[in-house]
């Protein structure tokens, strides 16, 4: 029995010979089984190829034409598991002339990257989706929720529309001093790029405070930008607002240029992805680490005053794992925590299931709700619960709120959702 | 035929998502702390102006005073399709009351040709009247507020105003006129950031010296105190989960004889 | 300078608005304090003068086309009234008429305008006012020393009974000549098709706001309304989205309602909405934001999710 979802496997009955009766004339027809098998290639006509041509002519959209229809992408697509969607299906729609830019399917892809992993033709939805969405956004077509996020991000520099001056309000509860570069601009080793959800979301703030205590204890020389920080906006980019991403990048690069630091560390795999993969294409090169990559080599120094006696399962963030190849740093941290027993979900590492938050999905649960039987986060929480774990550990700021909500809505309240940094904190500084 | 010209005055208002803090004298909000955004009704006004432009042709000019973050609002207006953005500078850096705003705008408009002035029906910081009516009165031209529809004609427009209870009245008004927009026919359009940035790099913002300086708040009105309302008579909160709350609500209704248990 | 107080009479379909009576009551109090007259300005429908017993004088203009509200005509008439009596204060409700005429009259009559007033009293020979600002997030106490003031007062805050008095005020017709050559022409007045629903007559209302999040979700609220046998009403965002027709709107630009019970789901409580329902006998509000202003006027509140609560209510109220 598969976990969740309402998809039924197709029931196929193959007959060599069958007799069918016309309901109109009552006449009987003999049908040989070979009749509907395609032994020779057929040329399809009557469809316009203009839609496919339109997508493939967009910068980034080229590879949609390389698809030869094998369909390997569909069973690995996390969205198809809860709905009717998949790269090949999208391609097929375009082939038959459906205007993708005006189609609600355009907003379902979470850019998780699992299709690209299996595609023999390297059809790259990670390039195609942002390009197609950008074309739609330029025409003013987008879900209202997304428009709201774009406007908030442009106005306030964060997707939540929060006051930029309150960016570092979380530091008050950290219990250790947190250096803000604007007031102390001396050179620093690690510039910690907090990003939106750790800055403003109450559960994210708790993780940020835990990070501060750990970094302090492990002797990391680090500082934050405080009110000068603006989101890196990678999910806004993959949701189709490249212009917004570029506007933010201009500001970010100017701010970073004011200070002297060796490397940037961020808790947000999406921001990490932007700095590591996208910024260099614009000529901006920074040494960047995900926070798990900073802490993993240092964790041997940790003094454990307590432990976390629990069975823990770990959800690989798409943008840390599949997109940037880091599967081990989070697991090294978990393994180091006294008491933690790590159990893996069946879908993990390269085949990790998506939480549904990437590519703008974080802001589109309402819009997409009509076309999925359950949210991706709900399905994933059920997978986590199936392992018998007490704790679902995460290390992407999108996930705590998504999974906590999903745990409630699927009746899995017993499953605690915690960032790895919170588990480390709990074992180092037990309360 | 010369297309008509529509002037859209816009303003910046505090973002009310934030709690407002008062300055140390308690005479104004702390303008250093607050974030300013475009007045939402002005966005409706601009949208209606752009819809008219698309339907019958018009030159749309957006005008604002030099207020916090106003450049972004003006460039966004250009990216949405406005033809011209004018920033009136030198009117002072504090808050402009509606009276001052109207007086300066009326002076500026007297040197302009225009068929319609369309602005937001209200703004959250209106303390001394709304711009559309005040401007109409000062300019001595017909005006209408709480407008929900504009049908341009020849030398006149027919406006639909919304009265209480959903009753609407349609009035034909000779141009030039001033309209206060409640709701445009469609939601304000999205301006892609790339287009806003293009507008910014093209620098199509015209800075013009305001025709005068602010002279302070309206004569004869003295602000004694600014304060948040007392949260008096707060609701009694019903605790518990949904079934428990539902149970309690039914009880309350039953106790008033409104439903039978 | 006179001490007269002028109240602009708002009427729709031959009915004088509640706010008008509230302001007549307040105007009576102020005129008495200053020793001036209370003047009611009535444009169109002169027969309504009989209801304005609280006033000393009714200045009226006849003409069917005035009844529908034509801004330019009303402005010319009102300017004539305030200039010809010794007015020092004009009271109008914060409505379309108030926002339109209040501001322009102040400009043309060289008076100080005051908006969103929620309280008004005489202090000796002066006037003290309290206004809402920033959508009700702050209040401003103001002292008015200007010789002429135009006040737009938020409706629903004062007792309307004070203005409903028997009396026989002097009736004085305004010279139609003041209308001169208008640049506007009234075309039509349209009452929305209510589909037979009159939310103002319902004993209870189930009302939904932005929190309902989608037209499909209205069904949940409809089931509760059906179980109670009462209509569904809504705040402005729901109507603007076209999810419910206009006659279902509660608020300043919708209907003012005073049911025995008002059940608000997903309504945050903008001042415009509160104005339309705050006088309900019992208000029960459901909103996930515990600081939502609706809880300031509600008698009972809950922060549970409306999507959880509505089905539970429907189940308990059904059959």
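Which chain is which? They are A, B and C, in the order written, and residues in each are numbered from 1.
Basically, contacts are C-beta pairs under 8 Å (C-beta built on N, C-alpha and C of every residue); 3 or more make two chains touch, one makes a residue touch a chain.
Bear in mind the structure is a predicted one, so any value in this text is a computation, not a measurement.
Sorting all chain pairs by how many C-beta pairs they have in contact places B-C at the top.
Of all chains displayed, B has the C-alpha centre closest to the centre of the whole protein C-alpha set. Farthest chain from subunit A (centres taken as the mean of C-alpha atoms): C. Centre-to-centre separation of subunit A and subunit B, using mean CA positions: 38 Å. Rounded to whole angstrom, the centroid-to-centroid distance between subunit B and subunit C, based on C-alpha atoms, equals 20 Å. Centre-to-centre, using mean CA coordinates, subunit A is 49 Å away from subunit C. Subunit A contributes residues 137-138, 140, 142, 144, 147, 150-151, 154-156, 161, 163-165, 241-244, 246-247 to its touches with subunit B in the complex.
Note for the complex: subunit C touches subunit B at residues 10, 12-13, 17, 68-72, 75, 95-97, 99-108, 112-116, 128, 131, 133-147, 149-150, 152, 183-192, 203-204, 228, 240, 246-247, 249, 252-256, 260-261, 263, 281-286, 290, 295-305, 308-309, 312-313, 315-317.
Residues of subunit B touching subunit A in their complex: 15, 17-18, 33, 35, 37, 72, 187, 189-190, 192-197. For subunit B in complex with subunit C, the residues that touch the partner chain are 14, 16, 19-20, 22, 29, 98-99, 102, 121-122, 124-138, 140-146, 158, 161-174, 177, 180, 182-183, 218-229, 231-238, 240-243, 245-250, 252-253, 256, 258-259.
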